[in-house]
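Just so it is clear, A, B, C and D label the chains in written order, and each chain counts residues from 1 on its own.
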Amino acid sequence: MPSLGTGLNVLIGLAAAPLLPGIIARVKAMVAGRRGPPPLQGYYDLIRLLHKDHLRSRTATWVFGGAPAVGLAAVVCGLLLMPVGRQPAFFSFEGDWMVLLGCLALARWCAILAALDTGSGFAAMGASRDACFSALAEPALFILLAGLARQTGELSLSGMVAGLAPSAGLTDAPGLALLAAALGLALLAENARIPVDDPNTHLELTMIHEALVLEQAGPDLALMLYGAALKLWLFGLLLMNLLVAFADSFAVWCGMILMAAGIGVVESAMARLRLLKVPPLLVGAAALAALGFALIWRTTP
Amino acid sequence: MNVMLLSLAVWSCGALICLAARRGAALLGPLFVVGGAMPLLVQSLQVLFSGQSVVLWMPWQVPFGSFCVGMDALSAVFSAPLLIVSALSAVYGSGYLRKAPPAALGFHWFCFLLLTMSMWLVLAARNAVLFLVAWEGMALSSFFLVLFDGRERHVRHAGWLYLTAGHLGAACLIAFFALLGRGSGSMDFAAWDTAGWAPGVRHATFLLALAGFGVKAGLVPWHVWLPEAHPAAPSHVSAVMSGVMIKTGIYGLLRALEILAVPAVWWSWLLMGVGLFSGLLGVLLAGMQADTKRVLAYSSVENVGLITLAVGLGLLARHCGQPVIAALAFTAALWHAFNHALFKSLLFLVAGAVAQATRLRTMDRLGGLLRRMPITGAAGLIGATAIVGLPPLNGFVGEYLLLAAAMRSVTIGAGMPVLAGLAVLGGLALIGGIAAVCFARFFGIVFLGEARSSEAVAANDPPVPMRWPIATLALLCLGMAAIAPAFAGRLANVLPGGAWLGGVEKAIWHVWAFLLGGSALAGGMVVWSAMHGRPVVRPATWGCGYAAPTPRMQYTAASFFEPLSRFFEDLLPVRKKEVLPAGLFPHRAAWRARVTDVVMARLYQPLAKWLDWILAKPRRLQHGRLHLYLLGIVLALFALMIWKLE
Amino acid sequence: MASAWILPALLLGPLLMAACCLIPRSADAVIRFCAVGTLVLAIPGAAAVRHAAALGPLFAAERWLMVDALSAYHLIILLVVFGFSALFAPFYFAGEIRSGRFGVRTAARYGALWFGTIGAMLLVVLSNNLALMWVGVEATTLLTAFLIRLQVGPAALEAMWKYLVMCSVGVALAFMGTLLAAASAGGTGESALLGTDLMRRAEQLNPRMIKAAFLFLVVGYGTKAGLAPMHNWLPDAHSQAPAPVSAVFSGFLLNTALYALLRYLPIVEAATGQAGWARGILVAFGLLSLVVAAGFLAAQREVKRLLAYSSIEHVGLMALGAGLGGVGAVAALFHALNHSLCKSVAFCCAGQLGRIRGTLDLRRLAGSVRVAPVWGTGLFVALLALIGAAPFAIFMSKFLIVKAAADAGRYGVMALALAGLAAVFISVLRHAVALAWAPADAVVAPQKTSIRAAALVALPLAAVLALGLWIPRPFAALLLRAARIIGGFG
Amino acid sequence: MTAWENMLLAAVLLTGFAAVGSSRLATGIRALGAQGVLVGVLPLVHSVAGWNPRMVGFGAVVATTKGVLFPWLLSRAIRASQTRRETEPVVGYGASLALAAVLLPAAFWLADRAPLAVSQAGALMAPTAFTLMGMGLFLMVARRTAVSQVLGYLMLENGIHTFGLTVFTHLPLLVELGVLMDAFVAVFAMGIAIDHINREFDHMDTTRLTSLKG
């Protein structure tokens, strides 16, 4: 249902995406007692990078060149499928959640191949960790969506979210709460936030997503950063749709801001987990989602 | 009708001619394969799209045998990729074997033609005796092809293991057909109806069919021969074996289910369990292999597992009265079987080109080949992306159909199908994720980064007869994605019991349109970023400022999969040989690890040892003392009297 | 009658030729004379088979001799096996004749014993009188004993002694059985010993006595046929005898004993009211032989002993088929021909490879296909056929036996048979693969391949391959009529 | 005539016991020779009414071959190999005799239960046959030298012949000749084999012939 309203949501998403990392950085600085960079720092970085020269290593091939663009395109396609509160997404059809996750997987695939193409040990290390951890995180997302579908009986993402709104009675709260917790963990894992990965570490050996973009520079880096911001926006939007089930789009945007602040606080409160502890965390998220699904399965008729 | 006889005649005469023409076989062989394959391909596609099947019955002077050959929709779905892949592999093979000795060449093409003929006959046979003769003929001809370079010990071991597994499978099938043919005089498929059977016999027959066809399909736990045999064969043969031959196992299973009309519920659970476990173990072991072709062989185990998973889900849905879910799941199975043949054979041909260009198959000694072998590299990328199931290629359509079926059974179904749907969703997510890691590793380590050995540096694209099949298969993968909705619609009513409602077909057109738009957007963005006009600077890769970086400092294949191999430790027993550095000035330190197949290590090797121990018992009977032999005769007489006289 | 000359010619011919062999001439001449003589015998043989197939049973010597469908079928096997071995003998003894070890006297003795054995086996196949058949079987034992002894050496002597003593005891018990069978007819007349008469009066036979008779016969003729647990002489005798003799041993000697046993099967079944009493015994012995052979084949190193145990396995398979009845009987007879063809080729090639490579140990025979292309490939293809690989006829007869077990509803028997065959397949295939593809370790100059040798090896294997794919109609008719005699149906 | 017959059968049993009990091979051979003669004469005694020249002639032939020819052949084999006595047999002589003694009642028990038309044969014929067969098999299994095994085989043949008489008044002539020919050739072959064994191994102990295994 490509209507004006849904198109507006997409444009808001495209515009406001770099704002989230800015807010998170700002909140972390304030918690640490510093002023920190302005929230719009993300936009300034993008503009600065776009004007720089392309920097591609001698070993890199056309894969390195094309990967950022294809990755960004994939995430934008994902955005087209994401509903906002009761408003359906720009496109919605049966199984669109599968296409959304497929697009995110394609983006990750391009980033990994780009990292491997540079031939640098650190980029490959980041690629390996990112690939392995997202492979373990994927079951949580699928089971979570199964729970939503079971709850609402709908098969498309927009239908699921819209179905949540009216029936948000107390009986379903525990099931949805567990699903939301699982989605929260998945969000932190996929978007390189603290418990799984430290976004602003400088020691290559501890990086996951940072190492992926280690070799990118100039416009390529801009595309990659913007893609990452969009992905964070996507996950945030899905979380908000789940938590603020009854609201209209305005409540969702406020929720997004609050979520960004929340992530900032979480990042300041915790340190990065040891790499060995991340797989159990991800499987834990899948278990949470399965528990949520079981609760929903038992309660709904 | 006579198309079938014509092609069989072309193939058999071709085989004999190749056996005679030693040097000329390199050219004649592929010519005959393609010549025989094309008319049949046209017929298969005709049958598939027009829906009316073809049957030819001729008397055959063998007890209970009759030359009953037919092509219906189910056979057509499997015979189309078979003919395409066999033809292209034959063309590829002529280039791949140009340095082989002429004597071996003649015999090789003789066996290749017989293999193609017997595989097609397996799909077309409508009589049990013809089916068994074709089935064993397929096993024997591929046995000779696997042992093409039989001088090495491991190839001989692989050949032995392959034919032994094939024969044990055939033994189950012999018992299966004997049970089916019980009572009824003729052994034609049409003559059987298993309606009035006792449940016990029906279950035993199904288990025999699963074991017999599971061995050929490569399902866990019968898969142990596959990662040995496929890499040992020449690449174009492994492409045919991994691409289409294991599908004859799936075809056989579907045909058996069609004959045993009323399935029990636990059959579907068993199929789904075997499918899931094959998928998980297959992809994990694929990720752990150091040899390019072994990665692809284990990946075949995974994909066959997914197909069986889809068949199991379809059976369960049909049993619980959900025709739409059944149709979706069966279509997913057939679609995946059709397309896996294309991209798996593409990847094997690519691996073959790499192996011939660098004479190397260990991934840790390759690297940087995309620059040196652009066409093979690009085709490899398309193959890898397709097999992982990423949009917009044909692998994704198969995943979409299966997951849509699973999601529907979660939402609509009550009771058991919900659990099944959840299991499929979770399992497929994990397997898909690990497959992405496995093939990122395969493509990344082999084609991207810096060349790790002198052979890799000297690599270049294969000659023309090898290049065209690779390019054609890559284009076919893209083409299949383009015609996905129409073709999926055709596949829907191949297997009975599935009703294809309008709702789902509309959704598939939506997906198709969305993906088309998305790829256009991606294409546009790539062109925009290329044309951005900023000058490109080409410095060396950042190595933390290390003064003299070497290619060997890049990530190796084993380390790429290390996070997952540590998490799934008990499924992947690793055999280590390590010499730790000792003393103040350590001399030699060595560390070598090899992942062993858990099924082989825990199940078959102990079983073989125990069997040897048991079979050693009668050997003591032949002790050479004549007196005890005579006593043996007398005791046999008394035992017989006691047993039989009263 | 026009065909009155056939049976006397068949029986007296070999004796006459045996006598001719004793006239001392050069060893080469004797070997060639054996070949020619065997082929000459084929003429009356073919006439007898044609008569039995077309016009029904042919009797002679007031019904003491008979050629019906079953004996005609076995006559074909006899002629084929002896023809092949006779044609192969010149190749085998060529080396020894040149080196003088195979002197004129030894050759004369070989020729005489060769024709004597043919005569004895013909007597068994052609005689309707059960006692005369017994005399024939005993004669084969005594004549073939000295054929084993041709090779000088302690092992050959030991093998001969064990063969002689065990088979004599076995056949003596068989004679006890023959007497009991005749006694069960009650009458004291001459006709009591004729197989056809016993068959006609089967219902009135004294059931307890005919059962006891069958027990003695199974143990007696079973020893001679190599059924387990009376098989111990077979591996020694086959591995020590010269190749053409081993080929005849496995090719037809075992079949004569089984033929004698199968003659009694319909009589006992009819006498015991078709209750499957006798069939059960045959099935039991068949399965036991299959399992015991599988056990021995698992770790067998020496090629001739391996082929000997494979013979035990196949005789067990034939007994199993005959025991199951119905399609099984057809399969058993069909299997007899296939097995004889394959086994004689295998033994000849193994013997020749043993001479060329100087060893019979399979591990050191590896790579023989490269060293001696004709004999190596012959052995390789024969081994593949014997273990039941694809289009060969033995795969077809195994399928029919399993189908017979399924039709009879005996699933335990089917499972055990398939398991035994699978175990054999696994162990023998390992040697076959090494034989063909392994690099030859000993440096032996590759033999020049003579067309005659290649044709000699290729013909029987091609026949087995053809029989697997297309059984000619007249042959199928004869096979079905023969099977109907021992209780099978088409 | 059953009296004469029973006496003859008793004599046959005695020769059997002698063969089993004696350690010296020469005694065994002579015992078997005597047994051969007695078994040859048995049919004549058994149906004294139906004497005809063919039966008498055949009885004589059997008696001469088994009584004279076989012992001559076997003793020639012993002389060649200078083995006078059965050194230490597998089963001691005392135990053998005890076993033979047990064998007799067992044979009687078996004869009663055996499905035989006892009418024409005397009460003693069938048990004697079974005892002879039992002792023959026992000799082959329990003795070491090749000659003893031949003796055992001969006793088995004699046992089966006596059993034949319980069933038939007389077998067709050609069959009789065939059976006799086989027995003769068997012993002849075994005799030649024993010569070869002597020359090859310079001992006659068949229990040491165990080189062919597995």
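Operating definition for what follows: contacts are C-beta pairs under 8 Å (C-beta built on N, C-alpha and C of every residue); 3 or more make two chains touch, one makes a residue touch a chain.
Remember, it's a predicted structure, so these values are computed and weren't measured experimentally.
Q: Measuring between Cα centroids, what's the chain most distant from chain C?
A: Most distant chain from chain C: A.
Q: Quick check: how many Å separate the C-alpha centres of chain A and chain B?
A: Their C-alpha centroids are separated by 36 Å.
Q: Taking each chain's centre as its mean C-alpha position, how far apart are chain B and chain D in Å?
A: 70
Q: Which integer distance in Å separates the CA centroid of chain A from that of chain C?
A: 78
Q: Approximately how many whole Å separate the CA-defined centres of chain A and chain D?
A: 100
Q: Residues of chain C touching 2+ other chains?
A: 161-162, 165, 169, 208, 212, 235, 296
Q: Two or more other chains touching the same residue: where does that happen in chain D?
A: Within chain D, residues 137, 140, 149, 206, 209, 211-212, 214 contact more than one other chain.
Q: With chains as vertices and touches as edges, which is it: line, ring, star, complete or other?
A: Other.
Q: Spell out the part of chain D that touches chain B in their complex, as residue ranges.
A: 90, 137, 140-142, 149, 206-207, 209-214
Q: In the complex of these two chains, what residues of chain A are touching chain B?
A: Going through chain A, the ones touching chain B are 52-61, 63, 65-66, 68-70, 72-74, 76-77, 80-81, 91, 93-96, 98-99, 102-103, 105-106, 108-109, 112-113, 116-122, 124-125, 127-129, 131-139, 141-143, 145-146, 149-150, 153-155, 204, 214-215, 218-220, 223, 275-276, 279, 286, 290, 293, 297.
Q: Within their complex, state which residues of chain C touch chain D.
A: Residues 64, 129, 131-132, 134-135, 138-139, 142, 145-146, 149, 154-155, 157-162, 164-165, 168-169, 172, 175-176, 179-180, 182-184, 186, 188, 190, 193, 206, 208-209, 212, 235-236, 239-240, 296, 300, 305 of chain C touch chain D in their complex.
Q: Where on chain B does chain D make contact in their complex?
A: Residues of chain B touching chain D: 619, 622-627, 630-631, 634.
Q: Could you list, by residue number, the parts of chain B that touch chain C in their complex?
A: Per the stated touch rule, the residues are 60-64, 129, 132-133, 136-137, 139-140, 147, 150-151, 155-156, 159-160, 163-164, 167-168, 171, 174-175, 177-179, 181-183, 204, 611-612, 615-619, 621-622, 626, 629-630, 632-633, 635-637, 640-641, 644-645.
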